[in-house]
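Only one structure is covered here, and it is reproduced in the block below.
Should a chain be cited, it is by its letter among A, B, C and D, assigned in written order, with residues numbered from 1 in that chain.
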Amino acid sequence: MYQDIKQACFEANMQLPKLGLVVFTFGNVSVVDREKGVFAIKPSGVPYESLQADQIVICDFDAKVMEGTFRPSSDTKTHAVLYKHWTEIGSIVHTHSTYATSFAQAQMDIPILGTTHADHLTVDVPCAPPMSDEMIKGDYEYETGFQIMNHFEKKGFSYKEVEMVLLGNHAPFTWGKNAEKAVYNAGVLEAVAQMAYLTCTLNPRVNRLKDTLIEKHYERKHGKSAYYGQGC
Amino acid sequence: MYQDIKQACFEANMQLPKLGLVVFTFGNVSVVDREKGVFAIKPSGVPYESLQADQIVICDFDAKVMEGTFRPSSDTKTHAVLYKHWTEIGSIVHTHSTYATSFAQAQMDIPILGTTHADHLTVDVPCAPPMSDEMIKGDYEYETGFQIMNHFEKKGFSYKEVEMVLLGNHAPFTWGKNAEKAVYNAGVLEAVAQMAYLTCTLNPRVNRLKDTLIEKHYERKHGKSAYYGQGC
Amino acid sequence: MYQDIKQACFEANMQLPKLGLVVFTFGNVSVVDREKGVFAIKPSGVPYESLQADQIVICDFDAKVMEGTFRPSSDTKTHAVLYKHWTEIGSIVHTHSTYATSFAQAQMDIPILGTTHADHLTVDVPCAPPMSDEMIKGDYEYETGFQIMNHFEKKGFSYKEVEMVLLGNHAPFTWGKNAEKAVYNAGVLEAVAQMAYLTCTLNPRVNRLKDTLIEKHYERKHGKSAYYGQGC
Amino acid sequence: MYQDIKQACFEANMQLPKLGLVVFTFGNVSVVDREKGVFAIKPSGVPYESLQADQIVICDFDAKVMEGTFRPSSDTKTHAVLYKHWTEIGSIVHTHSTYATSFAQAQMDIPILGTTHADHLTVDVPCAPPMSDEMIKGDYEYETGFQIMNHFEKKGFSYKEVEMVLLGNHAPFTWGKNAEKAVYNAGVLEAVAQMAYLTCTLNPRVNRLKDTLIEKHYERKHGKSAYYGQGC
């Protein structure tokens, strides 16, 4: 019944180690089926190298397991909250990729320093602050989703334009219209984070990209008159 | 007679180069058989790429060779001391992995800066100080084991909860209930060390993780009501 | 009709991921046919892992598509301008390789600190400043070519002797008499940039190479009495 | 006639890219035949990926070609000088490996900070200063050999105990009784250099290893009562 998203979820998860974004069990990808109101997600604690497609778990938007014999990722409630409220997301990726996680640990936004960054978003990659003790002691993974959404609201960001976030002291989440885009965003984020790290340690007084250049690069790829790519 | 632990020890050793934790001969894994009172350990100075299962050496807890034609690892006495006193360890791993060893050389604990760390232990990865001249000039590898145990005692740490240590100016040791866990801990330590290095050089004034977050992440994976993994 | 340069362009593009210089779609190589007055270039937004030789696009020096059903790289006008004015270039490579791009983001020349650098050029790798708002809002990729050429003119550099440049806030461009040389230069630039990064962060007060050593290394490889290589 | 050292030289050269110590043509290995008074060395400017055993060149200790149709490495005179004066060397390796070269560019010795270093030598890896203008303008590669030997004499080092050197602004040379050991030393040097870089940037006030620990680690591997390895 959910074969399509289970297979898509499995394949997207297997991209993470291939792209060098995860080791051991440090990550998870989910893929949504909006019509059926469910999403497929990696089982908890299963190493990537032994992951099988039929171990993928199906959950509804309250994180209730609908199909599957395995326990879903411990981060399932975070995915569920985001799918419920951000209604046009098709897939979510969570990793502890090295450089992006280091910015999260440093509790720093990733500053926009070059066109590689501007090709994908027009603002610094936002780092949401660590949660309050109350949220942590409460329904932690559920609150994690709200912490992300609240930070976007405070910043005035749209999840359709900014498809990535760092959670302070934790690690990145990325998303997209489908699994391919969400995984791509996880890879872009890590590349952008590495170059930002190198730039900041090389020249601590470096300035952010100027607005005209930010706008130009974003528009040529995502604007109405975009001319990057094959237009399909 | 010792075929099981010899094979387990061989396979665990071969994981180290695969995980990027050793080059040349810079490391060793041992696996214990508590019933027989012996452990299997890598032979000294044999490169990983030519290591054979039948070269694995069997020693008792006084580091006496019980079986094998090769000389055991020069670090054998350290393993023997730890097996003798920490009676629930099943396997020990020693590497000179790049980032963990750099913290050992810097004589710094690895500060707990993120949830990747907190998923595995609730404290900074301890760095035992270099040994006294007397210990170094004495039975060096034997004393190395005591230096580790003494540091744990001084810190009030249990080897069952903190399964890794840095030895100042030297390199890391990790352990676990079995070889798979001990090798896993060596890989986790290196990943945590790399992200701590990047975080500290990016933001030298970074704060340690707050206690609620440390507790939450450790408990969800290791506590009585753990809900990470498949519970088996 | 353009089969030779299409194949050469395809093969040169495929070298970039192999050398670790690109991920996803972050780069492009072009190869010129001076007699026919056209160049072959990578199609826009096509990932390296699915790139096919028959997707390569042929353009003239005004960036007009002469053959091919795909849209050419969004950077095509930059290539066209350089081919038109620098009449002895045979191939151009653009990447967002990690260390070279970090210097571009830091808006720093790559200082000449060792003989690896001096074997290939006698000056710091120049970093052209970001363009004026007018240029960015205008015909951006076309102006990018002029920004590079203007910087070389201001510096008094010859494109025949200095075959690489960083564009501030963006990334590197390299070129050469043929595709093999242009790709080689992209790889050399990244290696030189990485070692310069490490040298500068290790010893911020380091001095540039002295002139006699710069001259000696460059001359033994490129001078009239060069004795490096097989002389063919 | 020289088949043995040609084959040994070829195989040793091919280890360098495998160990990640060279890219393109940035390195060379030579192997000596003391009885015949000649050494085999890599041809100049031939990329490692296309290198063939029959391209290896045979030279005498005055760097005169004795056999081979290719031009020998441009660094041949440096090898010749070292073989002539350091009469117990069996093989020499020159690379531009990333971290070791960065210390050479920074004109810094690699400080002895851990037991990985002390397992191989008891002193900081020496960095010879850049040569005088007179030496550079003279017989450059010949003088390079003397610069290395003079620095060892000034430091009071024996080439039999310290089998590696950095040449300021240039890159490392290592050697050993045979090709296997010389290549091993090149790999050890790069690993030690990387960990020293990370240690120094993590804790700039770090102290060198204390003497008792240096002596202990070196002696257990190289002393009269060495107990590391299989004793063969």
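FYI, contacts are C-beta pairs under 8 Å (C-beta built on N, C-alpha and C of every residue); 3 or more make two chains touch, one makes a residue touch a chain.
These numbers were taken from a predicted model, which means no experiment stands behind them.
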If each step moves to a chain the current one touches, what is the fewest number of steps from chain B to chain C? 2
Note whether the interface between chain B and chain D is symmetric in residue numbering, meaning over half of all numbers used appear on both sides, and answer same or different. different
Rotation, 0 to 180 degrees and nearest 5, that superposes chain A on copy chain B via CA atoms: 90
Counting in whole Å, what is the centre-to-centre distance of chain A and chain C, each centre being its mean C-alpha position? 33
From the C-alpha centre of chain A to that of chain D, how far is it in Å? 46
Listed in rising order, chain D residues that touch 2 or more other chains are 201
Identify every two-chain combination in which the chains touch. A-B, A-C, B-D, C-D
Show which residues of chain B lie in contact with chain D when the two form their complex. 23-24, 26, 43-46, 70-71, 74, 96, 98-99, 101-108, 130-131, 133, 136-137, 140, 169-171, 197, 200-201
So, in the complex, the side of chain C touching chain D is made of residues 113-116, 184, 187-188, 191, 194-196, 198-199, 201-203, 206, 209-210, 212-213, 216, 220-221, 227-231
